[in-house]
Each structure stands twice: as structure tokens, then as C-alpha cells.
Amino acid sequence: MFPSPADPRAQSGKAPKSGGPVAAERIADLAAASRILAAQGVVDGFGHVSMRHPSAPERYLMARSIAPALVTPDDIVEYDLDSNPCSASGRGSFLERFIHGEIYKARADVMSVVHSHSPSVIPFGLVRVPMQAMFHNAAFIAAGVPVFDIRDKFGATDMLVGNEEKGVALAEVMGDKDIVLMRAHGSVACGATLQSAVFRAVYTEVNARIQHWTLALAGGASIAALDREEGRLADIVNQAAGMRAWELWRSQVRRQVAW
Amino acid sequence: MFPSPADPRAQSGKAPKSGGPVAAERIADLAAASRILAAQGVVDGFGHVSMRHPSAPERYLMARSIAPALVTPDDIVEYDLDSNPCSASGRGSFLERFIHGEIYKARADVMSVVHSHSPSVIPFGLVRVPMQAMFHNAAFIAAGVPVFDIRDKFGATDMLVGNEEKGVALAEVMGDKDIVLMRAHGSVACGATLQSAVFRAVYTEVNARIQHWTLALAGGASIAALDREEGRLADIVNQAAGMRAWELWRSQVRRQVAW
Amino acid sequence: MFPSPADPRAQSGKAPKSGGPVAAERIADLAAASRILAAQGVVDGFGHVSMRHPSAPERYLMARSIAPALVTPDDIVEYDLDSNPCSASGRGSFLERFIHGEIYKARADVMSVVHSHSPSVIPFGLVRVPMQAMFHNAAFIAAGVPVFDIRDKFGATDMLVGNEEKGVALAEVMGDKDIVLMRAHGSVACGATLQSAVFRAVYTEVNARIQHWTLALAGGASIAALDREEGRLADIVNQAAGMRAWELWRSQVRRQVAW
Amino acid sequence: MFPSPADPRAQSGKAPKSGGPVAAERIADLAAASRILAAQGVVDGFGHVSMRHPSAPERYLMARSIAPALVTPDDIVEYDLDSNPCSASGRGSFLERFIHGEIYKARADVMSVVHSHSPSVIPFGLVRVPMQAMFHNAAFIAAGVPVFDIRDKFGATDMLVGNEEKGVALAEVMGDKDIVLMRAHGSVACGATLQSAVFRAVYTEVNARIQHWTLALAGGASIAALDREEGRLADIVNQAAGMRAWELWRSQVRRQVAW
């Protein structure tokens, strides 16, 4: 039963089956990831982070529709890749959950997705200046940053990726990258682990701030950003070393909650 | 009786009648709105938020003259649309309450008004660069942002909208928009609900920050901001989805106070 | 007796007489002013605020050499206008107390002085772009902002106003204004009350931030800043209305300390 | 025994001898320095500060691999100047400890080293605009700021100074300065005391922010920064006066921990 008024299909009784139980610790980490992104200024009252079901690749987990800083483990809902909740139990779903579902469909290597509207990043979706990797922590950006303009395929809209078709279009523009900007809206960062996706979302925001300052300094001259090979090599290190940042952030959440 | 020395008319004994009782929860929400705007950096020691009386459209409610972060439900005063307090009980009134009264007079659809001096927004009232909607959360800006210059009608002043005449002039410049900038002063954001006005004031500030960065990036090239139709469509969603942000902000105030 | 090693003259036994007792509440307000300036980001580990002795115009009061955020009423020391401590009791003095003493000598109307290195303000002392009043809260700036370059009279120095001669030179450049910038160093803001000097120091910092953004927006076009007459009129209002901000800031200090 | 998997040489049994015991208070200060740098925004989840062993100049002390804000005195490990731990006891080492070891080798006068990725500073390593001293607190910068590009000697890398050879190259570029920027990575600040190195790292970040604003204001005109002699003179004062900032920062750490 899916009594959520925001999700009419969920009320039709065709709820998909669950992919099976998930360890409480992993659910807690996903809830903590929401609070981490809020504490780091990547999300505010809006934005969401998901992870693929650890043992059922055709399912993913994400909070019900709630501000990221308020998420608890009880708010985590399971979805199939069409973004139908397996058991919402009256909990509303994010309008833009299709971002997550369609990326998981298109990209078997992606295990976690963050969608945010971090203010420093938005400008790079509004002008024709490509985001570049300003330092090693944002190395994954050196592979290139595509920009999705919802207007190209859908004309004037409410700007939201609010159905499967729009999610498919977004995933197509992202292609094999782990980041995509959304014109006049926000961005998406992906990773092979929850921790890596969160790390990338945080350092995309930091990188954007650094690039604003650097472009102003450069005054049109070129910037000695990470090149593609430096980016590839540094990103490998980040996958492991990034856990040091995660442990800091996770400990900060633990000081506030019991999970 | 209106013993407030800041409001001589209130001492004349011609106090307007109250529009009737208002639910304690709504008064608490209005007081919370002040603290929310302070916590979000939209107001500092100055600025104010009001709402129209829920059952008496010829009355509005606003805090006595006090810093927004300190407002409690007991500080809320009722005014008529000429901005005379119904019962100040010794509580001083904001010098600029006429901003609120005259907008409520001119615009039957407006139920709440926020006046602030948020630093990122002020520059757009000082130069001839129009504010544009940088992302969907600030969609209401896509309808256009007029600028009120008090000098046009009143010459050199103390810059304050401190009487009815100046309030009328401000409301005229605002016209049918839900925002107006005030040269060398601040801005006003309006909404059909208290929550919507607060949401718009917060995202006007965020939008201004994003636009500063975007214009610097653009270097004179055009910006792919929300167009008017995108703004209209996204603003409809914001009216509902904005409650998610309100619930976050309201919960943060509840952690500090008992109301 | 003045055993402070930082103040050799104080050890000579020629300590000036005190101007008499000062109400504990006023001393507490001065100590609170230090903490307010730290909380508002105007000072960090450095910077100082003083007030003229309420009943002895030839004396002033200022904290011993200590970080502003740590000042307590017991740290307040009395000085004569040559900046000799009346009774330091082993407490060290700020090297730059001559800023305060020499301004009090030169300007009978000044009752309080703030010296700070607030980061947004420093740029205006390094280039030939005059600071202008961007909004009514910074109205006092509309009278003009002189820049003191210590190099003009003293050649290469450690940049500090560390003796009477340098203090005199700074006060001369300030003239009849209530603000002076110091090249590659910081600034000074003055007022007819402690509260007014603090208010002006805070809004000088805010104004500087707004002007950076505004100049970037303007791209060389003119800025509709407060003109001199608007500045004069708005500053009169600020003297009274500024107390609303003071009451907020003072209450925030009271939440941390018992005085 | 050095069971740390991150440090294979440590497992070979060739652990260098300790330089002898260090006073608990000094170890606590080093741990506090990490937290100070985090609180001041100089480091985030990454970055590290070390000090030379007080009585054994061929040894230095630094935290195990952990986020700076989490460091406690128990996390401090002793290293020889080849950056081998004397007794890691299962504690992992920072990949980039060679920055510290090789600077201590090359520069007998350096007693403390801070490595950070502070966002405001990174732009100056990406473009050909030299960092200048914007105010007296950053006086040491007036001596000049070299930029190390790891690509010059090592081609495409993971950007990390992860072995002795790279540490040597970095120390060579730094030369007799107390600061070096690292292209697309971060920076290093040194001092004759732990307190001085921390002070310089903090004010390098503040100075970078001020310079961004100043360059934007200047619009190509020259900036009246500290000249070399002013920088030399002001830096002497900073060595002593900087303790006032340290005492503030140290007291803030003491409010959180028992050491």
C-alpha cells in the first residue's frame, strides 16, 4: 500500500517487491550522508542522496521527501529502477527521484547518486565556461563536465526531472562521466560507493568556488588545472584517501544522533 | 492606549479596532519567521516580516520594533492598513511599517511581506543590471524585478519608507510583481502565504549570490537564466515544495524556543 | 606601579591619576563591545575598542593586550590621552593604543574608537577606489573616507601606529571624518557613543562587502550610492535606530557570560 | 614494530630510534594546532601540521593519518627526517609526510610546517599572478611566494608529494622562503615555532581572500602592498604579537577537550 498522495502510481497496488533486507549500519550511513551534505553546504532544504541496494542492483534506497538535515534511518524508502517505492508506508517521494533511478539503469558502475543545488556550482550551468579540476580533491572533474539543458528536449518546463523520460535524457547527457550540471537548476555527482559520491559532491562545490576566484585572477589567461591524466591518477587516490574525510563527517553526525 | 513614544498618533486615543483573535500557532509561526530570516542571513539586527490578519483583510500582524532574532509571540502587534497599531501596549513600532500596510492595501493577493537589507541583493538596486532567476528556487524573479528609488519622488531623505506616502510610492513601483528592490537600502519580497514570502526572501538572497558569480563568469556573454514561462511553471511547484524548506527552518527554531 | 614589560614608561613610577570610578555596567558594555566585534567578524585575534572616560575627558578606557573575544571587565585599563596606563597592575598594553589616545586628543566629539583589520575593508586602503555608502546603515561613510599611508611620513616601518607621533599623523589624516583607512593594515571607526562606534565598524565591514559586489556588477558604470545629504540624514536615524542592533548583540554576549 | 599497512618500510623492523621524550604540553599544543587550523578553515578533512622534535633535530612529530579536527595527543607519531615512523604502533601515516621531512632536512631554521589546501590560496598556484602581502599580519609573504609544479620534474602524477624525491624537489623550490604554493594542490607554510607556522598558515588564507578582492578593485592598477622592507619589519613584530592569536585559538580548543 502506498498512500502517499505525491505518488499516485504507488496507490494502484502494483508495488514492486523489495530487494531484501539491508544492514542497519548501511541505512544509517545513507541517512548520515544527507546530513553531511547539509552540514557541508552542498544541500539546503532541498537535494537528495541515494545508494543502490547492496544485494539487489535493480533497487535503490533514498529518503522520503524531507529536508536533508532532518533525515533519519526510518525515512529511507526502497525504490525499483522505475522509481516506484516498494513500500512507502505513507511516506511521500521526491519529485525528482527519476534522476536516481534512470542513472542506476544506464550505469551499472554507479552505486550512489547525489543531486544538489549548491550555489557555487549553478553558474557553470548558465554560461559556456567549462568547469575544470582546480585541485586533486576534485580530480574526477578533469574527465569533463557535461551540461544538461532540459529545454532542449522538453521546451519550457518547471525545470524538474519529474518523470522517467526526463531522467533518461539527463542520464544520456551525463554519459560515462560521474557528474552532470543541470542548467538553471543544479548538478548530480555519482560514485562507486556512497562515500565516494558524497566526497565528489562536496569537492565539486569547493572546486567551483576555487574556479570562480581563479578565473577572476586569470583575467582570460589559461589556468594550470589538472589535465586528464593527472585527474585520472589523483582520482584513484581519492577513492581511498577520501575515507578520511568521510570518517570526520560521519563522526560529526554521530555527535548529534544516536545512529 | 498606545504609549509608544515612537508612534505619536497611537497616543491620540484613536486606536483602530482589532480584526479579532488569531490562532496561537499562526502567531508563533510569524514570530518564528523572523528568527528564520535571521538564521538564513536575510536579516540582521534590522528587517521585518508581517502577515495579513487571517480573518480580517484590513489588518496585519508584525513584531514590535525589535531585532528579528529576538522576536517572540508576545512581540506581535496588530495594525490597520494605515499602519496604526490596534493595541501596542507600550511596544514601539518599526519606522518602516508603512511598507507592509501600503502593499496590503494595493495588493489583495499578498498575504505576507518581508523587508530586508540582505547584502547580496543591495548591489542590484545600485546599478542598472537586472536581477534574473538563476535557478528554479528563485523562479518568481523571472517575472521581473523593479527598482524603487526614493529620490525620484522625495529628493534627499533618510532613505526610510517612514510614512504612508512613501509606502504608496513603493507599492506603485512594485506593481503586480512580488519583489521590489529599494535603491541604497534593501528589498521587499511578498507571497500568498507567510511561508511563501519567507521562501522567496531567502532564495532572493541565494539567487543574488549566484548571479554575482555567474555574471563574473559570463564576462558579458548572455546567461541561460529561467525565462518567463519557466519561471511561472517552476514558481507553481515552489508554492508546494517550499513547505519542505519551511519545515526544516521551523524545526530549527523549535530547537531554541518552546513555541 | 606598572610592571608590564611591554610598557617601559609605565614602570618609571610616573603613572597618571585616574579620572575616577566608572559604573560597572559601562565597563561591562565596553568589554562586551570587544566580543561583539569578534562575533560580527570585524576583529579576529587582533583589534581593539575604547571609550572615553564618562566623567574625565582626558582619560580613556580600553582592554589590556588580549584577543577581543576573551576580554572581560577585569581586563579594562584606564589611560591618559598620551596612552599611559593609570594602573595596569601587571597587565600589558596594546602597542597601537596611540590610535585611540591621539584621536581623543584631536576630536573632542569622539567618545569611542574601534580599530580593526576587517578583511573586506583592507582592499580600499590598497587601491585608489574610494569607499562609498552602499546603503543607509553605512550612511556615515557618505561624508568621505580618507586613507592614511604610514609610509608618507615614516618611510618603511612595521606598519603599526606604535607611538604618539604616528597616532598624531593618523588623526590628522582622519580630520573631521569618523573613519580612516590605514594602507596595508586596517581601519578606524569613531562615534559619539560606544554603541555608535561599534555599529559603524560593523557596517563598514558589511558596506565593503557590498561595494565589492556592486563594483563588479557595475563594470565601470556609476553606482547610485548615498549622496552626502542622504548620508547625513540617514546617519541621524542610525544614531537612534542602531540601538536595536546593539541590544541584539549585547544579548548574544549575555548568553555567554554573567556580565 | 610498525604494522601500518600504509607504510611497508615500517614493517621491515628497521624502525628509527626515538629522539627522546617530549613534554606532554608540547604534544598537546601540536594536537591543538591541528584543530585550530580546522577551526580557522585552513584545513578540512585533509592537511597536516608538524613540529621538529624539541631536543632531537633529526626527528619530527606529526599526527597519524586522521582528519585534523579529530587529532588528539595520542595520535602524535614521531618520524625521522626520511619520514619513517619511530613507533607507529599500528597507526597509519600521511602519504605526504615527505613534505615535512624534506623541509626539515633542507632548512635547519624551520621548526614547524603546515600543509593545507585552503581554497582561497589555491588560485595563486594556478595562474601567473604572484601573491603579495596585503596587510601586516601576512608580512612574511612580502619576501616572495614560489610556486612548485610537480609536473616539471615528474610529469603526470597523482599530484601528491608521496616520496622523498618529490619532497626534495618541493623543498628546493621553496628555497629560503617560508611559504611555497603547490600547483593544483595547496600550499606549505613554515615557522621558527609551531605558533608561528600556524599563524602564517592562517594569515596566508586571509591574505589570499583580501588579494582576490583587491585585484578585482584594482582593475589592473598597482596595489600598495607591503614592500619587502615593510614585510621584514612587520614580520618581526608578528613573531611576538602572534601569540595573542594563538592564546585565543588555544583557549577555544581547550573548551572542547581536556588537554
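Couple of notes before you dig in:
Letters A, B, C and D name the chains as they come in the text, with residue numbers starting at 1 for each one.
In this text, a residue touches a chain if its C-beta (ideal position, glycine included) is under 8 Å from a C-beta of that chain, and two chains touch if they have at least 3 such contacts.
Keep in mind it's a predicted model, so treat the numbers as computed, not measured.
Comparing the contact residues of chain A and chain B by number shows a mostly separate set, under half of all numbers used being common to the two copies. Inter-chain spacing, taken between the CA centroids of chain C and chain D, is 33 Å. Each chain gets one centre point, the mean of its Cα atoms, and the points for chain A and chain C are 47 Å apart. Residue positions 216 of chain D are each in touch with at least two other chains. Interchain contacts close the chains into one ring where each touches exactly two others, per the touch definition above. Pairwise chain contacts in this structure: A-B, A-D, B-C, C-D. On chain A, the positions that touch chain B within their shared complex are 44-46, 65-67, 69-70, 95, 117, 119-120, 122-129, 149, 151, 156-160, 183-186, 212, 215-216. Those residues of chain B that touch chain A in the shared complex are 133-137, 139, 206, 209-210, 213-214, 216-218, 221, 223-227, 229-230, 233-234, 236-237, 241, 244-249, 251.
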